[in-house]
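Look for chain A in each of the two complexes below; its partner is chain B in the first and chain C in the second.
What follows is the complex of A and B.
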C-alpha cells in the first residue's frame, strides 16, 4: 500500500506545530497560571463541545498531511513493486472509493442519474436523449425510481445503528476509565454523569461526540453507494473535495500564525520595552506595512511566485508539491501582512509592564534586559498571544476563501473551500442551477468557523484577567 | 424616635453563586439620626462598602441582598421597585466614591455632568439650571465657578474633582450622604479641605453623613458616632468621644494599640495576629476569636449584641462582665535602643540631585519643556539610620528614590554610595553594586511577577548578583529568609496571589534582603495595607534594622509612621526639600510654613493633641511649570514680597536642621 513517504513543506511545518503544541501543553501543565484558564475552558459546555468538533477537523487535517507514493500492483523487472508517480495522503488512501469513483459530469446529491441529458443508445439500437445512469452512484439499484427511497432509508438505518453502537461503546469505555480514575463504581459514575454533577461537563462532551459519530457513520454508509453531496463538473465527488479542503483551511489558519508569531512577539516586546529609537523604527515599519492594502501585497507576491514556478517547472516533482509551495507562500505572505495587529497590542502591553514594580525590582537587582524580557514580560503577555491566535484563526480561514475566489489564493489544482466557491460562481449562473458545491463548502466552513469562534470566546473569557475578575 | 433617618435591620448581602457564597454583610443593624455624621470603620474586606452599596441598592451583578430591612424615613428601600428607587438615589440619599478620577465622565464638562443631576431633580428650565449649577459649585468651594463649568474633568485636580462629585451629590438636596472613603485617594492637605467642606455643608443643609473609612484619624476628626465593622458584622457602636477614650471591643482596642506614633518608638507595635477570616463560611464561634488576645471558653459560641446604652453596644462575651471589658494595658516588648551612628561616614550622600523629564510636542517630538520632578535634592543617610522623605503625591519623592537607584537616569547631581559615584558608573559596574541598594514598593500586588513562584522571586536577585551559585544553598537561603520575615517554609512553592497583602509585603522584604543590602529604599511600603498589618510590617522593618544594621530611606506621606520609625525627616515640596532635621525637632516644632500646614492637616486620634488646622488654599502647582520665586508662595499663609522673586536657599538653623524659608531666616 504505502510506498516512499513524501514530506511536503507544509506537512513538516504542521507536524512541527503539533510537536510544539504538545511541548507547550506539557510546560503549561506545570504552571498554575496557564493550567487554570485551560481548566476553565474544559469546564465550559460550549468549550468541550466545540473542542470535540474541532478535533474532528484536526484529525482529518492531520491524516491528510501524511503524503506518500502509493504502490502499484504491477512489478518491475527486479521483482520490486513499482510505485506510482502520484502523491496521495493517508486520508486519500482511507477514502479511496470516494476518490476513485468519478462520474462523467455533474450529478445532484444522492442522485442515481446524471444532471445533464445525453444521447443514450438503447439495447434495441434506438437513440434517446435522457438522463443516463451514474457509473457508481446508486449503481446497485435495478430499478432506481422504485427502490431509491427505500434504499436511502435502509442505508440511513444501518448507518445510524452502527453509529449508535459505536457511541455506546465509546461512552462505556469513558465511564469505565473515569470510574478507574475516581475509584468508584461504574454505576455511580454513570449516575453522576447523567445528572451532570461533574466539573467537566462530560455529558455535553459525550452528546457532541455521539452526534459526530452518528453523522460520520451515516455518511460513511451512504457514501459507499451514493455521492452524498453530488459530483462536480468533471464528475469528482463533492463530499470528498469538501473533506480535502479541511487541511487547506486548517493550514492557512495555523501556519500563518506560526509565521507571524515570532515577528510580532519579538518586535512588539522590543518596541515596548526599549522605547527610544527601537520603538520608532518598529512603529514606522508596521505603520508603513499597515498602510499598504494587504490584498495588493498578497496579489503581488503570489503572481511573482507563479512566474517563478512556471519558469522553473522542472524543479517540482509533482503537481502536489507545486501546489504545496504556493500554499506555503500564501501562509507566509498572509503572516507578513497580519503581524502588525498583535505587534501593536504587545507593544502597548510591554510598555505598561516595563513600568510595573516587579520589572523595576528586577532592574534594581541588576538583572539583564534579555532575562527581564524572557522571565517577566513574555509570560505576562502570553495570554494576549493566545487569545489573538485563537481569534485570528477563523478570520484566516475566511480570508483564504476570499483570496481563492479572486484567484490569488491557493493553487487552482488544490482542494480548498475558496476554490470550490470560485467554481460555484459559474455553476450558479447555469440553468438548472448546480447548488451543491457551494452548499458543501459553506457547510464545512460554517461549522469550522462557528466552532472556532465559539471556542475562542471561551478561551478569551478564561484568559482575560479583566473578564475573570468581573465574574 | 422621630429623628431617626435611616434604620438598617439585620441586613444580609451575599456575593457569588454556588454552595459557598461570600457573606459580605452578615446581619448588620444600624441607625443614623438626622444631621449626624456616622462613621463606619473597618479594615479592607470587612463589608463596609457592601453595606453602603446594599443601602443604595447598587450592588455588583454577583451580589444580592438575602434579607433584612432598610428604612429611610418611613420608606422601606428594599421593597421599592427599581423606578422608585431611582428617585431615592440622588434624591433623598446620594453617594460619593473613593476615586474621583474614575467617577466623572472624561468627555463631558463638569457643568454638563452637574446639570444632568440638576435636570433630573429640578426640571428643565435652562436658566435656573445654570444658576443652580453655579450655586452648587460655589457651595463646594470651587473658585471661579462661572469659568469652571465649561471645563473637563482632566483639567481639575483630584481634590477639585471630589468637590465636583460632592456638588453632584448635593444637587438633589439629599438628607443622607453616603461617602465611601471620600478622602483616601487624596493628600492630607486636600483631605483636610474636603473633610472641612463636608462639615460645613452638613451644618448648612442639616444632612446626615454615613462616612465609610478605614482611617481612625478621619473618624476622630469628623464623626459623631462610630460603628466598627469586622468580618461582615458590626462589633461595636459608640459615641465618637467615648470610642476614642475607651474602646470596648478587644479588636477596637488592638487597633488603637497598633497605630504607630512617636511615643511607641522604643517598643514593638501591637499586632493583631493572623488575618480576617474568609467570609464564605458559616461562623459558629466568635469571628474574632482566633485573633483575639483575650479569647476564653465562651468565645466558641457567637456573641450576641449587648446594648450598653441607648445607642451604644458591643458584640463580645466580655461585655457580660463589664469589669473585664476595660482595656487592659499590655506592655509591649521593647526594641533595643538603636546604636548611635553619629560620627560615621555617610552611607549615601546625594548632592543636588535633579531628575527632569522632557515634554515632547509636535510631529518631530521637539522638547518644549521639562517636568522638574526632582529639582536639586541633597540628603545623606548614615549606616543603620532611617531618613524619612515626606511629601504629598506628585512632589517627586518616589522619583528621588528611583533616581538614587538609577532606575531613572538623573539629569544632574551626584549620588555617592559609600565610595562610588553611582551616576557615572558604567552599567556593568553599576549592575554589580546593585546588591547593596534595594527597594520595596508600595503595592505588594504589582511588585511581584504573578507568574513566578515565591522561591523564584526571592532567588532572582541572588542569581542576578551571582551571590550564591549553588542551587541547594540558594534554596536553603530562601528558607532562612522566609523564616526571618515570619512566613512558613511551604510558602516557597506557592504563587504570590495565594497570600494576603501583608504577607506579600513580607515576601518583598525577603526578596530585598536576599542580596544583603546596606540600604533599602522603602517606597510607601505600608500605605496599601490595613492598620493592623501595617504594624506587622513596621515591626519587621525595625527589627531587621537592628539585627542587620540596615539603613532605610523611608518614602511616605504618613506622619505617624515617620514618628515611629524615622531618625531624620526631610520634607519635600514640588521637587525640592523645604525642611530637613531630626525627627523629634521637626515634628514637635516645624519651622517651614508648609511643614506646619502638612502636620496640622494630619488627622489625629488623640483629642488632646488636636491642633488647629492650617488650611492651605488650592493644590500643588504642576512641576512642569513651577511658580517663580519660592515654590510654596502661592499657597503660603505668610508669604512676603521677597518670596515671589527669589527661591530661599536651604539654610542651617542653630538646632541643626535645615530650612528653606525667608521668614525663618529672618528669625520669623
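What follows is the complex of A and C.
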C-alpha cells in the first residue's frame, strides 16, 4: 500500500504543532494555575461535548496530513513494486472507494440516476432521452424505482445497529476503566454516570461520542453504495470533498496562529517591558501593518505570489506541492495581518507586570532581563495567548471561505469549503438547482465553527477570572 | 484640542509612509515590472519590445529609486517610487493598468458603496441594541440563555451562506426583488433592500452578543443599584441609566469604522453586482490591476487612521473623564 513518504511543509508544521501542544499539556499538568482552568473546561458540559466533536475533526485532519506515493500493482525490472507519481494521504487510502468512484457529472444526494438527461442507446438499438443510471451510486439495485427506499432504510438500519453496538462497547470499556480507577464496582459507576453525579460530565461525553459514532457508521454504510451528498460537476463525491476540506480549514485556523505567535509574544512583551524607543518602534510597526485593510494586503501578497509562481513554474515538483506552498503562504500572510491584536494585549499586560512587586524584587536582586521575561512575565501572560488562539480559530476558518471565494485564498485545485462554495455560486443558478455542494460545505463548516465558538467561550470563562466572578 | 489633532495628524505621516514603502516593496521589488508585463501580456513568447512598450505606456519603464539618466532633482523624482508611490500622498492615484483615471472611478463608485454601508450600519445598530436590551431585561432566564445560543449559532454561519441563501429565497423563489444590479436615484431602492437586509441579519449574532455583555457589565454597577433603590422601574433603569452609559463603548466602536464605510463590502457588492468600491477592488484583484489595488491599499490606510483619530476625539466628547494629552 504505502510507498515513499512525502512530507509537505504544512504536514511537518502541523505535526510540530501537535508535539508542541502535547509538550504544553505536560507542562500545564504540572502547574496548578494552568491545570485548574482546564479542569473547569472538562467539567463543563458544553466543553466536553464540543471537545469530542473537535477531536473528530482533528483526527480526520491529522490522517489527511500523512502523505505518500501509493504503490502500484505492476513491478519494474528489478522486481520491485513501482509507485505512482500521485501523492495521496492516509485518509485518502482509508476512503479509497469514495475517492475512486467517479460519476460522469452532477447527481443528487443518494440518487441512482444522473442529474441531467442524456441520449441512451437501449439494447434494442433505440435511442431515448432519459436520466442515465449512475456507474456506482445504487448500482446494485435491479429496479431502482421500487427498491430504492427500502434499500436506504435497510442500509440505515445496518449502520445504526453497527453504530449502537460500537458505542455500547465503548461505553462499557469506559465504565470499566473508571471503575478500576475509582476502585468501585462496575454497577456503582454506571449508576453514578446515569444520574450524572460525577464532576466530569461523563454522561454528556458518552452521549456526544455515541452520536458521532452513530452518524459515522450510518454514513459509512450508506456511502458504501451511494453518494450520500451527491456528486459535483466532474462527478467527484461531494462527501469526500467536504471531508478533505477539513484539513484545509484546520490548517488555516491553527497554522496561522502558530506562525504569528512567536512574533506577537516576543514583540508584545518587549514593547511593554522595555518601554522607550523599543516600545515606539514596535508600536509603529504594528500600527502601520494594522492600518492596511487585511483583505487588500492578503490580495496584494497572493497576487505577487501568483506572479512569482507562474514565472518560476519549474521550481515546484507537483501540483500538490504548489498548492501546499500557497496554503502555507496564505497562513503566513493571514498571520501577518492578525498578530497585532495579540501583540497589543501582551504589551499592556507586560506593562502592568513589570511594576508588580515580584518583578521589582527580581530587578533589585540583579536578575537579567531575559530571565525576568522568561521566568516571571511569560508564564503570567500565557493564558492570554491561549484564549486568543482559541478565539481566533473560528474566525480564521470563516475567513478562508471568503478569501477562497474571492480567489485569493487557497489554490483552486485544493479541497476547501471556500472553493466548494465558490463553485456552488454558479450551481445555484442552474435549473433544477444543484444545492448539495453548498449544503455539504456549509454543514461541515458550521459544525466546526459552532463547536469552536462554544469551546472557546468555555475556555475563556475558565481562564479569565474577571469574567468568572461576574457571573 | 486643535494642537492634539494636529499632532495626531503629523503622527499619521510616518505611518502612511510606512504603508507606502511596504506596498512599493510588495508591488515593484518582489516582482519587477517586467514580471508584471509578462503576466499581463500572456506568458508565452512575449517579445522584449512588447514588454518595453507595455511598461512605457504605463510609466513603469523608469528606475525604481534612483535615476542616473536625469539631472538634479530629477534623479529622485523621475523614478517609479516617486511617480507611483509618493504621488499617492496628493491623492493623485494615476491611471489604472487598463488606462482609466482611478481618482475619477473612486469618486463615482463611492456612492453606491455608501448607499449600502450606511443603512446596514444604522439599521444593524438599532436592531442589535434593541435585541440586546431585551435580553438584558430578561437576563438569567431561559430567554437569555436561548438568545445567546441563537447568537452563537448565527455567528457560526458563514456570511456567504446568508448571501447565497437570501438571494435564492427572496429573489429566485419569491421573485420579490431582482437578484442583482443597480440603478441611479430612487429606483436603486429595490436593488438595495436585499443586500441591506442580509448585511443586518449577518451582523446580528456578533453584535447582539457584544452589546449584551456591555449592558450586563453596566447592570452590575453601583449606580444602577442606587437607581433601583430609589424606586425607578426596571424599564427606566435600562433606558435612562444602563443604555446611556453603555452607549460610550458602542458609539466609539461605531466611529472607528465610519471612514471605512467608503470602502464598501467586497463580498456583498460583488454578489449583488453593485458598482461600489468593494466590487471595484474585487474586479481589480481578479484582473490583476496593480495600480488600483495599490491605490485602494493607500486609501484604506488613510481612512483607518482617520477612524482612529475620530475615535479618540469622540471619547472626549461623550466621556468628560477622558482628557486628550
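Everything that follows uses one rule, which is that the second predicted complex is superposed on the first by the 467 of 471 C-alpha atoms of A that agree within 3 Å, B and C clash if a C-alpha of one lies under 4 Å from a C-alpha of the other, contacts with A are read in each partner's own complex, and residues count from 1 in each chain.
The rule is short, and it goes like this: a contact is a pair of C-beta atoms (placed from the backbone, for glycine too) under 8 Å apart; a residue touches a chain by one contact, two chains touch by 3 or more.
If you're wondering where the values come from, they're calculated on a predicted model, not measured in any experiment.
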In the overlay, answer first, second, both or neither for which of chain B and chain C A:303 touches. second
Identify the partner contact of A:376: answer first if only chain B is touched, second if only chain C is, both if each is, neither if none is. first
Between chain B and chain C, more residues of chain A are touched by C
If you stack the two complexes on chain A, which partner ends up touching A:457: first (chain B), second (chain C), both, or neither? second
State whether A:112 touches chain B only (first), chain C only (second), both chains, or neither. neither
Based on the A-chain superposition described above, do chain B and chain C contact any of the same residues on chain A, and if so which? 470
If we count contacts the way the header does, which residues on chain A are in touch with chain B in the complex? 31-33, 356-358, 360-368, 371, 375-376, 379-380, 470-471
In the complex, go through chain B and note every residue touching chain A. 61-62, 402, 405, 407, 430-432, 434-435, 437-439, 441-443, 446-452, 460-461, 464-465, 495, 508, 511, 515
Going by the contact rule at the top, pick out the chain C residues touching chain A in the complex. 14-16, 18-19, 22-23, 26-27, 30-31, 35-36, 38-39, 43, 152-153, 155-161, 164, 167-168, 172, 216-217, 220, 260, 263, 266-267, 270, 281-282, 285-286, 288, 290, 293-294, 296-297, 300-301, 304-305
Chain C contact footprint on chain A (complex, rising order): 284-285, 287-293, 295-297, 299-301, 303-304, 306-308, 310-311, 394, 398, 401-402, 405-408, 417, 421, 424-425, 428, 433, 438, 442, 445-446, 449-450, 453-454, 457, 470
